[in-house]
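First chain written, first letter: the chains are A, B, C and D, and each begins at residue 1.
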């Protein structure tokens, strides 16, 4: 309890906790879960975008999308490394993802059905992700905070590219415009869900906020996201699919409808449009790649053995 | 030797040999090889056409192509049955195809690269096949001759449909016309090769002809094919890719260039554009389907066992 | 437009399922299956010509069945999600077929009583074909379910995987209800008892366990498809898209 | 037109190989490979923009790199057959990459000496990227060839399967010879010694057996492709074909 108080004091003083320093077991566990889920989200997040890489309509758009997906895999890598400093291996985390014991962001259980969806993912999904992540640059755990700095920089670049893509669609032919509107219709509420249930419903929140693993409440961030996004949609000439949407002068923000939380829980349970497929794809990649990973390990062992033998011969 | 002479006498008299009757071992072996190869050709022949089924440009064309491929599988079935009357099982023949010990018609080692190729396959490949097969309706082995009657009827229907397809292309847009010409360019010589090497080079021919397993010489049939096909090409406004092509008044037929027999032997050796892929595709179908075939066998056994048990209980 | 939508739901189902089956061409586990699959695909494409032909006629905007099949993008298709599922192994292909046939046959039977004579006529012809499809797919599901250990496991896995896609065909939306009210196309929910009876009976004989739960993926009928749909359409529509001025 | 053809041979190789690699996106056996593959695809697509951009400029008929990439049908593409081979398992993908890189790197090096300054400049930039590709693919071929029993067997099978597709890139046709004579693009046959050296060295370290025989499938450079090409182009060109009036 004394150590706990000292730990909390350090956090309150804005100090960074580093991997080798003492930390409460709950702090470690919560961080592993949070960072692991975030890493998994980057990995699974490759799939809905990868779905359109082979159909990107220009060389430039193909290059941009490739770069983006590459960045996401890179983010996955930083985050797994950050998690590893807490004493859990990447393979272990992967195994938990594949067996369904660890989650990834539910948004990736929605399909990308048109090219405009690739824009919507950048604009709305990365937009919401950034909203969540920017405060985490000030999170109490050092490696996580540092990973976030790097990630946020790249994500905001992705968001701008996504917005540019959907703007091109919104300003394009009637069909392109229809695709852009349809993408907004389908991704609007799932994006709002990315901030999690309302603060009233949210578990663990208080402790996480005390530990500065979580900085803002879900509702705060959601409001901020809506306030940022509505004018962007208006600029594009697209209609946010919410009849209750209205400017509220008093609060200086938009009033909006809650997403359908039943749908949220259904998707969490595994009943989203793509849950099974996403996990199947990752399982297949992992299983099909076993021989590759084993082959590299076998080679490393051989090389070490040879090196040792050479050393012994030299001695 | 006495039996052999009697056998030959029956053949010379135009009698049909039936499965349970005595026949020389060489006759049986030659027939198994010939019917087996023919059956395999029908099976492998599904692949180049199947390559375009998912891309057929209209519902009608898709239906026609499906019907055609279905017929070919059906021909395969009759022919395997005809071969089975000679004491070789379908599984055994399949195994010989998959291991490369038995051949199929080399023409199917050429790819179908445009939609016009589907027309060319019907017009030229089925055309050449019919030219080979019509005489075989009078072949000495009963089951084979009867299978041929049925097959020839369907094949000539396919040929007309193929001609209709390529005619539509030849009369279509500039691009369609180019595809039609290109298809003729690529399929002309391989079609000529379907009759086999020149009679001078051809092995086994004399014995096969005496046994009426083979009715006409390769060169006779090839000439007949050219004489039939050249006016059809002219009618389509397409150019046969042979600068030496010229009407020969004396023989009342066309003079034409020989195909490149080196290419023929290369393809036979396995170096055609698609040899490996065709066999890989059939191997994969066979291997992936093992559980299916085993499952049906297991069910049949269970059912028989149940039936027997029920009988015993009833007795 | 309700009738147009209803007819495309019928015709898109047969088109997309026929297309999926045709992907097997030359790759089936046994020659008899190659023949049977081509035959079914042929029936389904033939039915598509009738349904989409009538849909185009009802629409009256100068399109024909081919224009509907080859010039619409994914969100204008109204087939259920089940029929666009990838083929998977042969067990999945077969289970998909069975779950669909068990609905398709009684649906066509009911359509024979449509107030629209054209619909009734198409349905009567199609029903004769589909009666054979369900006979065949049910028989194979039974034989493979009650077959070897592996075939049983594969069929159970296929059933579990596809089950959440089977509900959609029996859930009515507003369009369905209006069509049913007009006596044109029966309420899909009314097919449920016949479907349940066939499915329960066949699964029992096949020693397969009917999955619990009624969760149903939806959206296809309203044009909200899976990611597979675009990948299916790209080759299917290739020639019509690449050569818009050509006739074939 | 020779130069146009020569440039599309370069640019179509990078386009089609880049496309094939990009099919792996999110499905690689390990995260580092996902990153490396995206990175290579990105390099290759970038090089495509330069090569096809220059080809379009040389052609002078108002087309641009995108028009060449997305509006030509298969027979107008001039890539070698090797790069359109399906990905197969990861071993085949890797072996295809290695066999190509071992040619691509010295080819680009030689292109730096082109009499056309634009070509030399593109080649110099591309060579820096490809030097890294060959380093990486050679390293992996060695590690997997001299790895486990299974990885060795898979790499040998990949090598045997792809070998007949490696010769095409080192066989000159009349166009190649004229371009070489003009000092624009080196004779592809002149790359053979460098390729042989790399390949022999790497295969030896990898304990893989170099296949015998020199049989080479040909045709891609002249626009005669494999059946795979049409299937690759259908999704790749989908949006441009389906929405010809759109800008993206």
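A few remarks follow.
The rule is short, and it goes like this: a residue touches a chain if its C-beta (ideal position, glycine included) is under 8 Å from a C-beta of that chain, and two chains touch if they have at least 3 such contacts.
Given the structure is predicted, the values throughout are model-derived calculations rather than measurements.
Listed by label, the chains that touch subunit B and also subunit D are C.
Touching subunit A and subunit D at once are the following chains: C. Just to note, of A-C and B-C, the chains joined by more C-beta pairs in contact are B-C. Relative to subunit A, the chain whose mean Cα position lies farthest away is B. Between the Cα centres of subunit A and subunit B there is a gap of 57 Å.
In whole angstrom, the spacing between the mean C-alpha positions of subunit A and subunit C is 37.
Each chain gets one centre point, the mean of its Cα atoms, and the points for subunit C and subunit D are 41 Å apart.
Remark: subunit B and subunit C have CA centroids separated by 34 Å (rounded to whole angstrom).
Taken residue by residue, subunit B touches two or more other chains at 55, 175, whereas all remaining positions touch fewer.
Multi-chain contact residues of subunit D, defined as those touching 2 or more other chains: 73, 230, 234-235, 238. Contact topology of the protein chains: irregular, matching none of line, ring, star or complete. Here the touching chains pair up as A-C, A-D, B-C, B-D, C-D. Of all residues in subunit C, only 73, 230-231, 234-235, 237-238, 241-242, 244 touch subunit D in the complex they form.
Residues of subunit D touching subunit B in their complex: 73-75, 161, 164, 215, 217, 219, 224-227, 229-230, 234. The touching residues of subunit D, when paired with subunit A in their complex, are 15, 19, 22-23, 25-35, 38-39, 41-42, 45-46, 48-49, 52, 65-66, 69-70, 89-91, 142-144, 146-148, 150-152, 154, 235-236, 238-240, 243, 245-248. Chain contact summary for the complex, subunit B toward subunit D: residues 48, 51, 55, 111-114, 175, 182, 186, 266, 271, 273-274, 276-277. Within the complex, the subunit B residues that touch subunit C are 43, 46-47, 49-50, 53-63, 66-67, 69-70, 73-74, 76-77, 80, 90, 115, 168, 172-173, 175-176, 281, 284-286, 288-300, 302.
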